[in-house]
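What follows is chain A paired twice: with chain B in the first complex and chain C in the second.
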Partner chain A sequence: MTQHLPALVFLIPFFAAISLPLVAMRDERRAGSIALAALCAMSAAAIASLWTILDQGVVRYDFGGWAAPIGIEWVADEVAAIMAVAASLLALVCVFYAASLPTTAIEGRMIPFYAILLLLISGLAGVIYAGDLFNLFVFLEIVALSAYALVAVPGGRALVSAFRYLIMGALGASFYLLGVAYFYAATGTLNIVDLGQRIPQLLESKAVIVGLLFMFLGLGIKTALMPLHAWLPDAYSDAPDSVSPIIAALLTKVALLAWVRVLFWVVGAGGGSQPAVVFSLVWSLGALAAVGGAVLALSQTGLRRMFAYGGIAHIGLILVGVGQASHTGLAGGLFYLINDAVMQCVLFIWAGVLAHQYGVRTIEDLKNAQVRNPWILGSFLVVTIGMIGLPPTGGFFGKWYIVLAAVESQNYIALAAVVVTTLLTLAYFVRVLEKLYRGARDTGTSSSVAEPVMSLSFRVGIAVPTAAIIGLGLFSDRIVTILLAATSGLGL
Partner chain B sequence: MLDVIEALLRRPNFVAFVTLFLWGLYITVVHHNLVKKLIGLYLVQTSVIFFLVTTSVKSGATVPIVDLAAGTAPEVYMNPLPHALTLTAIVVQVATLGVSLALVAAIYRRFGSLDENEILKRLE
Partner chain C sequence: MINTPHDSVIVQSSGRFLIPLIQLFGLYVLFFGQYGPGGGFVGGVLLGASLIAGLLIFGPDGTSSETARRVLKIDGFGLIIFAGIGGLCLIGGGEFLNYSSFSIPGIDDSTRRHVGIIVAQIGVALDIAVAAVSIVYSLSDQGEDGSDA
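This part shows the complex of A and B:
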């Protein structure tokens, strides 16, 4: 029974998405609670799966009973299992938070809305578990297509943003598929384990080099790596409040996980000096994205746009860690990836609550809003500490391992990029903090404005991921140990 | 130079793929009309699928159903996997087509134009 758990993690939201139109036919308001129930079940399956994998080792799930190189395989190793737990819990929190947002934008369309949302979440699980490059492509496209539709929900501006996102995303997918085609032409296999045995010997081959470049170009668009990020800020800031947290938290992170799979499980699997060029390309692009994203974040006036650029900078940081091609860097990068997903989730939920309860959309608005709600102020303080990277948050430990990896490989340019990004992050968060707390202290004029009562789902949506930021810090040792053990078999 | 031309002439499928791919990319980037952008996008997607199909051609091979008279040697049969991949990729492309045309229709209903500059002007 336990070996079926990874498939269940995918199948639960998938079947919920498909059966939603039937189950919720009578009353579309039930769609939200059915989605919540499905996500609860998915989270439980993901946690159980992580539990058994830690206990009994990696699960390789062969679909239809055909063994790996011929059949389709899902690999539920520790990395995938931890990521699946993070993704399903974050999705659960985001959908719970969305429950008390106004539904005027999706009135009469709640069933397709929640069905597409569930489809997106099941696609994320597929990307996390997929054991071959072509299935990775299919699941990335399921995620992307659902995301285009969800971004377009509010209409108006969002339609144009969604269209641009679609053009970029579909081009990225074509590039990735082209890379896969080159890999297939060169090796005759698509399975990641199989490719990991053949590609390292073929790194001189032009077909493999071109394939790798196209694959990275495609995944670079999907992860919004710095020069290819143009679709992201518009898409994230125009997306409806109810979906922006889930998109911001998970979409680029999961594509980045796919990138890490190709880098370490396929290209770097043989070890040696050949892939060194690839890794130095990765960390230099990452350093560029980290500093560039942070600079652009500093120049934004809209809250959500600022957070979106912050997310772009953090993608760069993860690549800096991963590109050091060491166990510390890889484990640190993956740990930071999980942290970043949680932090982006809190930031966008936070922005959604502020927009909904106080009408705040830009940093300037914060000064006049006089936000005195302890949930909002407290959680923002914690996220700020996490984004800057101070203990005891998970952000600190993630950055710590990335810095450690850079020092170990004596890569001082990467180190400088991390430090500069940290300082810039401090700068743009202090800007928000200053406005926020000045507004809170400013009791003079309009104390007659009653503080709006915060609904339970807003409180949960803010508090649970905020607690997770600190929790990830407290348990960082254990998680990084698991990640280190999971990646110890790679020939680094 | 001559050997480059010779290499190209020996791979007409590759030349066709590169032409279609770059043509599609050019249309997507240059044209302001949203539907034309989509046409460029489909050209790119189709060229990738074309590449996948043509690289897996095997001359003198038959359909991958075991024929006892022909024996079981792998050279006799086509590799069915690239075609299965192609079918899946076409399905993904069709889904993208559906979503993108729906978006374009929604944009046209909202802004009354398909020209990118016109739409951006109305967004201001």
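This part shows the complex of A and C:
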């Protein structure tokens, strides 16, 4: 039974999504609770799957009982299992938080809304587990198509942002698919394990080089790598409050995971010095994105736009880590990827709660809002510490391994990029902190403003991922050990 | 686009003749998919195309348009059939869509695969047909409930 768990992680939200129109036909308000129940079951399956994989090793799941070269294979290794747990728990928290947001925007459309949300989440599971590059493409597209629809839900400005996101996302997907086609033409297979045996010997071939460039271009758009990021801030800040956390936390991260799969499981699988130029391309693009994203974040006035640029900067940091082509860098980058997903989730839930309870959407608004709620103030302090990268948060340990990898490979430019990004992150977060706490202090003079009562789901939505930031720091050693063991088989 | 019936007699009478033919061919492709090229996707496209042709030729009040509108109500039902068959295989102890574990008691292995494939393909065909019709409705200026949007 346990070998079916990876498939169940995908099938539970998928089945819930397609049966939602029938089950919730009488009362569309039930859709939210059905989605929550499905995500609880999905998280349980993901945790059980991680448990068995750590215990019994990698699961290769052949759909329909057909083995890999003929059939469709899912590879549930430790990396995928950890990512699936992170993704499903974050999705659960985000949907739980969304439960007490006003539903006026989706009144009468709740069934399609939740069905699409569940499809997006099942697509995330598919990207994480997919064992061949074409299925990776299919699931990336399921995720992206659902995201276009969800971003457009509020109408108005969001429609324009969603359309722009659609055009850019479709371009990215086409480039990626073109790259996959080149790989298929060069090797005759799309299975990641098979490609890992053939591509490293073909790195001189022009077809493979062109395919690799197209693939990187496509995945670069999907992960919003710095010069290709233009769609992201608008899409994230115009998305409805209920879906922006899940989109911000997971969409670019799974695309980045796909990129890491191509980099290490396909291109770098053979080891040796040949892929070195690829890796130096990756880390220099990452360094550029990290510094550039942080600089742009500094110049934003909207809270969510600032957080979105912060996310772009952190994508760059992760690429700096994995681009060092060492086990430390890869494990550190993957660990930072999980951390960044959690931190983006908190930031966008936080921004959603502020917008909903205090009407705050820009940094200037914070000064007048007089936020005194300890949940909001406390969680922001923790997430600031995490984003800057101070112990005991997960952000510190993630950055630590990235810096360690840069020092090990004597790559001082990458090191400088990480340090500069950290300082810039400090700068733009202190800007918010200062406004937030000054507003809280000023309430002494005009305490007539009643503090809005916070609903349970808001408190859980803020508190659980905030606790996870610290929890990831406390258990960082264990997680990085697992990641190191999982990637030790790669010939670096 | 689909608010009024097409005014040409030629189109109307050839439509009356062609639509059942397309549907018959769609069903043939769907069931032939077990032995050769074909299957749920192509069959579903043909079935959907026949319903779309009905919409274009006879307008929203024709009988085949009535079918198309009813078909829209079961959006997602085909996928439930497909995933349900896969899930039954999972419950039977095999992988998702491993028809040899398709848990119907009293039938042998080859019949299990036969039944499993054909029912899963019918699910796919239904879903594709519904998707094709709903795309036409979304692109036209008419709402899915028959009202002008």
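In this text, the second predicted complex is superposed on the first by the 490 of 492 C-alpha atoms of A that agree within 3 Å, B and C clash if a C-alpha of one lies under 4 Å from a C-alpha of the other, contacts with A are read in each partner's own complex, and residues count from 1 in each chain.
Keep in mind that, in the parts below, a contact is a pair of C-beta atoms (placed from the backbone, for glycine too) under 8 Å apart; a residue touches a chain by one contact, two chains touch by 3 or more.
Because the structure is predicted, anything quoted here is derived from the model rather than measured.
Trainee: Here chain A is shared; do chain B and chain C fit on it together or clash?
Mentor: Aligned through their shared chain, the two binders fit side by side on chain A.
Trainee: In the overlay, answer first, second, both or neither for which of chain B and chain C A:160 touches.
Mentor: first
Trainee: Scan A:412 for contacts with chain B and chain C and give back first, second, both or neither.
Mentor: The answer is neither, since A:412 touches no partner chain.
Trainee: First (chain B), second (chain C), both or neither: which does A:148 touch?
Mentor: first
Trainee: I'd like to know which partner A:7 touches here: chain B for first, chain C for second, both or neither.
Mentor: A:7 sits against chain C, while chain B stays out of touch.
Trainee: Is A:475 contacted by the first partner chain B, the second partner chain C, both or neither?
Mentor: It touches nothing on chain B or chain C.
Trainee: Tell me which touches more residues of chain A here: chain C or chain B.
Mentor: For chain A, the partner with the higher number of touched residues is B.
Trainee: Quick check on the superposed pair: does A:18 touch chain B, chain C, both, or neither? Answer first, second, both or neither.
Mentor: So A:18 only meets chain C here.
Trainee: Upon superposition of the two complexes, what minimum C-alpha distance (Å) separates chain B from chain C?
Mentor: Scanning every C-alpha pair, the shortest chain B to chain C distance is 6 Å.
Trainee: After overlaying the two complexes on chain A, where does the chain B footprint on chain A coincide with the chain C footprint?
Mentor: none
Trainee: Provide the residue numbers of chain C that touch chain A in the complex, in ascending order.
Mentor: Residues 75-77, 79-80, 83, 86-87, 90, 94-101.
Trainee: Of all residues in chain B, which touch chain A in the complex?
Mentor: Touch residues, chain B against chain A: 21, 25, 28, 34, 37-38, 41, 44-45, 48, 51-52, 55-56, 82, 85, 88-89, 92, 95-96, 99-100, 103-104, 106-107, 110, 119-120, 123.
Trainee: Going by the contact rule set out above, which residues of chain A touch chain C in the complex?
Mentor: Answer in residue numbers: 4, 7-8, 11, 14-15, 18-22, 61-65, 115.
Trainee: Per the contact definition, I'd like the list of chain A residues that touch chain B in the complex.
Mentor: 134, 137-138, 141, 145, 148-149, 152, 155-157, 159-160, 162-163, 166-167, 170-171, 173-174, 177-178, 181, 184-185, 190
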